[in-house]
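Next come two complexes built around chain A: one with chain B, the other with chain C.
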Partner chain A sequence: MSLDHIVTVTIGGLTVGMIYALVALGYTMVYGVLEFINFAHGEVFTVGGYVAAFTLFALGVSDQMSTVAIIGSLLLALVLSMAVPAALGLLVERVAYRPLRGRSRIMPLLSAIGVSIVLQQLIIIVFGPTPITMPTLGISSASVSILGARIRVLALVIITVSVVLMAGLTYLVKATRIGKAMRATSQDMEAAEMMGIETNQTIAFTFVVGSALAGIGGLLVIMYYGSLKFDAGFLYGLKAFTAAVLGGIGNIPGAVVGALVLGLTETYGVSMDLGFLAWFVVAGLLMGLYVQLVLAPKKRLQHISDDRRTPGYERSIANIYRLAPYLAVRTLVVERTDALRSVSARHAVRLMLGNLFLVVTAAVLFANGSSRIDTRWQPVIAFVVLMVILMFRPSGILGKHITEKV
Partner chain B sequence: MGLSRMLQTLRSITERVPRRVWAVAGFSLAAIFPLFNVLGFMPTAWLRVGVVSLVFVMLSLGLNVVMGEAGLLNLGYIAFFAVGAYTTALLSSPKFGLRWPFWALLVLSALLAMVAGLLIGLPTLRLRGDYLAIVTLAFGEIVRLTITNLQPLTNGPNGVTGIYPPRLLSQGAIDSLQASGWSEALLKWLVIDKPIEYYYLVFVFVVITAFLISNLKNSRVGRAWNALREDELAAVSSGITAARAKLLSVVLSAGVAGLAGSVYAYYSNVISPESFLFMQSVIVVCMVVLGGMGSIPGVIIGAIVLQALPQVIRESAGAMRSEFEVYRMLIFGLLIVAMVIFRPEGLLPDKLWRQEVHEVDPRELEKTRQSLFDVEEGHQDLEA
Partner chain C sequence: MGNVLELQGMSMSFGGLKAVDNLSFSVRENEILSIIGPNGSGKTTTFNVISGLYEPDSGDILLQGESVAGLRPDQVHERGISRTFQSLRLFGNMTVLDNVLVGMHTRTKAGVVAAMLRLPSVRREEAAAKAKAQEVLAMFPGRFSGPRQSDPAFSLSYANRRRLEIARALASEPALLLLDEPVAGMNPMESREVMEQIKELRSRGYTILMIEHDMKVVEGVSDRVIAMDHGVKIAEGSYQEVATNHLVVEAYLGKRGAGTAS
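Moving on, here comes the complex of A and B:
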């Protein structure tokens, strides 16, 4: 594992992660306001990419043109790939989602699936089933050298553009009037309405912003990879949704963090030797053991010391504190000390099994140390992350615990 | 306005005929359908369309259990179908040189699909509707991608070919029957290899499934599902074990899909991951929504309309086929949106669903209240 390889993979992961983030923001914003998964968001992203490529082709962009003309047409493509998806998002919200407000949860989701199919087929009807390609430009193949690694300039452009857009979005949500309205609507739609906020307009605006961001995502993807297929939005949409859930859905910084984590996991997952990946598992195991053996018993002791408020005990409790790690090991072996008082045997068995699983995984990975995961499995990584996070921690990394509204 | 009035008149006429009569009529029509082919009125291609439609009827009946009755949206339903199909394909094809008996494979396919259902059902039961939908979607995609990527086992994208036709009895039993003087013509029916035979095979399965599910629907379990769908909190407070009831619905529907998958693998002779795309799951969902969630006749009609109609149109479209495929999906998408917005209870709605989705007519409510009062007054009379 050389340094330049690490740099290449990291930057690759960040680039992909930033694109996921741009799409994930739309999911998370809409979920924050309406509590519904806008399944058609992935298709809006694809439309952005198609519009960008189509504009550049229509303008006949090539390296023979002057720099100003190239930059001008790229800017035009940028504007169009924001405007068309934004209009589309607005239309979809008006036609397919607004009539369903207040219905049971499944209905808007079904409608969104229908919209997603319609958009996909419309793309095929308008542009044909073959993938659309970018006109070849010098900038798309240019590269610079960082720490011995060759990095495409476009990757750096994508990261920069995304960071700027996210900063802009944060400003919009945190510091402007409409942002305040968005936050109020997502907190309690009825109350917001009573305070004189036009919730319908606010929701429409949320769709416009989310779709515009996804459109830019489409533009960046088609510039980076050179081509885009009509059904690309499905996979990108799902991955972005994974990212949004990973960071805690409804949470804007969470979506960005989740997207970066997902992007890095994906790229590291398929470009590292299994032996190297095994160290991550070992690190996870050690962290888990630290929590189980050191932090959790300490907390339990604290609990016990809170129970008995006698000053005389305090010193002895403090002594046990210092002995906590030793005590913890003893607990797991003997299972009969104060520290384990509030842990059920079932829980302990579950923890042990979890640890065993990690040990076995690490051993298997070390045994096949020199091979790699085939890139064909890359989409599976995202799906597995999605399932695991939804099953075990549906509120995500940064998300608050979601309580059911009754 | 004219159209809606016409529909209303039509409905008032059709509602006068009891549902039982409709069911018998539909059943007989489906039962004699292949005879049109035998008599030469209908090309064999239509019979094939009939077989596939019946497989999809089974699928949507299964999905209806989990989606219509228990109210859990499953977007990866086709994965269970795939599990059943691949179980059958691998154990009854030249791929591994195996030929397990038909009935054993049928049961095994259903069982494995149920295990898959249990695997996905157990950890996801506490998820809410839309999250559950996404997890099942991810599960479906994982199954498909795994099938595609596990080349040594499944031949990857090329699929498994040359699946043997099912024998209703083992070869030895058939031979001994022949030795004891059974006629050749009769024994030929024991090996299912013609569309008409497949048709009746699937037809029998469909009838059995529909019968079992409609009984289940009116049983204690079915009422528990409906209660969970309407209001989980209230249902749990009235003593329903939510986890058990939900798990039962997921596993049952998976079993039906596994069975359908097994039959489909036998019939189609070749299976590949192409048949188990996310779109297929959506199509099955679409069938249930179109027909009416929770309504068994509705779901059957929905499946037949969405599977048979496009096929028939495609048969007659000829040269325009590939364009038609695009428009077919477009129409499906529009259909889902339109149904959800304008008629969420489906074409042939279940009574309970219609009440849930639409505001109840105040006059009807008044009638119910009146009858309640009547009962109370009757009681008072008795006491007096």
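Moving on, here comes the complex of A and C:
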């Protein structure tokens, strides 16, 4: 893989990752406050894209217009693709979710799925079933050269806009009065209420912010890919939801991290030849071995209480953690020392099997060195990564937002 | 007037259980009124109804002569009733300072747009709120100094979390402060310290309604005491009067006799 290829793929991955992030934030913020998954969120994203494209068409934007007029139209599209989804999010919350709050958890979930279907149908009714397209503009195809790679200007715009929005959101949540109210509400709604926070308003605001971000996501997608279908929100919503879970649902920075991991994995997964991928596996294996051979025994040794600190005991523990399952088993069978009560042979066996698996994977990948994974496998790769990460970190990369009631 | 709070025949039941039954009492300006009573006698429920968490089945609640019954909790808070919780309910993932700032929510008003634009008015309000929060935290000397204010609330010691709840409740300068077992779980030294602080609050002009099990604290700080049992007020008066009242003695003894004392 050459440098320009790496740059192309990385920026491509960051671009889709950022779009996933914009949508994922809405899922995770709503979950943080209501512990409820707003399945209609994907459609809000689609509406953002449709509104943007419709606005630009209505204004008759084309390259014949002056630069100022084009920028002005784009800004108007930006504002509308935030405002309309925000209003929609507000309405959906008010009409479909709030009346069901406090009921059994399945009811708002069903309501959300219903809203999602209704919104898709409304998009078809208003705009028709054919995909809506962007007016062709020069900037859509403009590109620059970075480290020998040709990068679309729009990709850079998407990354920049997203970073700015996320910085703004962080500031909003961390530092402002309403942000503190949001955090308080998400941790203990009743207590927040008794401390003077109007929680209904705060929840509504959460929907507004999440929907506006998703709306911008829709605008960016339609600018980047040129067209959007009425059911696009399903796949984007699913990916973004996956990203939110991956990062730790309810956790705002987690949504961004999860989305970037997902975006990069998808893009790298289908653009690397397998021989290159194998090196990643080898790197992972080496890192894992370092942890198992050096760090884990060290840590384990620190935890031995003083009265059991005999050299033989320490050695057996260190050995067991040096990936010697047979030693573990032998000690278990033959010596039956206390050592094995505090060290699990099963754990050692599991580590051993894990390493074997990685070695075999690397070997297979090396053997198929020059072939590539078909692009159609992209969602499968994303799903596998999700499963693997959640297997090792069930609460997501950055951990779930746990409502600690102290 | 002189009455900050007036409960008039307030009743509250859960299903068939009458948790509070026709309860009337008033809290006078700048006094400390304590509620005692065996576990399950309806004390916390009384607080929950006053704070607007539940709407009373009947009766009225007057704050400085105006009814607050049926208002939402945030509206009650805005009118001037703030509280602490028997089982602590801080915002664990938020910093010490932010917890107090949340307590000032109804006393600040920066809107979203203004806050995002960092308008001078917002900056002034934020600075004033922060200064006020620090002033409140300074009421607990040495407990929340300097860098500790940016620690998350869950990392504090138990006693400090109790103190922080009081600070959060004080941040809005409430006309009435409700303290639900403020020294529960504290050691004798810590409870003596909190007791002094409660008295200090009275000398600063606060009016306090307090639920407490620790009789030393009740005796030490209360101007008047109310005893409840099974949701009913069974005695009212000075600590001496209530503590020696035969109904009160029986309520506690009866519970003990039945083996259900706390």
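The rule we apply is simple: the second predicted complex is superposed on the first by the 355 of 406 C-alpha atoms of A that agree within 3 Å, B and C clash if a C-alpha of one lies under 4 Å from a C-alpha of the other, contacts with A are read in each partner's own complex, and residues count from 1 in each chain.
Keep in mind that, in the parts below, a residue touches a chain if its C-beta (ideal position, glycine included) is under 8 Å from a C-beta of that chain, and two chains touch if they have at least 3 such contacts.
Quick caveat: nothing in here was measured; it's all calculated off a predicted structure.
In the superposition on chain A, contact is made by A:Ala192 with chain C only, not with chain B.
In the superposition on chain A, contact of A:Thr133 is made with neither chain B nor chain C. In the overlay built on the shared chain, the residue A:Phe241 is in contact with chain B alone; chain C does not reach it. Look at A:Phe205: by the touch rule set out above, it reaches chain C but stays clear of chain B. Once the two complexes are laid over each other on the shared chain, residue contacts for A:Ile113 go to chain B alone; chain C is not touched. Touch criterion met: A:Gln121 reaches chain B, while chain C stays clear of it.
Legend: residue contacts after superposition of the two complexes on their common chain; A:Arg177 is shown touching chain C, with no touch to chain B. Considering which of chain B and chain C touches more of chain A, the answer is B.
Shared contact residues on chain A (touching chain B in one structure, chain C in the other): 404, 406. Chain A makes touch with chain C in their complex at residues 168, 171-172, 175-178, 180-181, 183-184, 187-188, 190-199, 205, 401, 403-406.
Looking at the complex, you find that chain B touches chain A at residues 71, 73, 75, 123-124, 127-131, 133-135, 137-139, 141-142, 145-146, 148-149, 233, 278-279, 282, 285, 289, 326-327, 329-330, 332-337, 340-341, 344, 356-357.
Residues of chain A touching chain B in their complex: 36-37, 95-96, 99-100, 103-111, 113-118, 120-122, 124-125, 129, 234, 238, 241, 245, 374, 376-377, 379-380, 383-384, 386-387, 390-392, 394, 404, 406. Those residues of chain C that touch chain A in the shared complex are 51-53, 72-74, 76-78, 82-83, 85, 87-94, 98, 101-103, 105-106, 108-112, 115-116, 153-154, 161, 168, 172.
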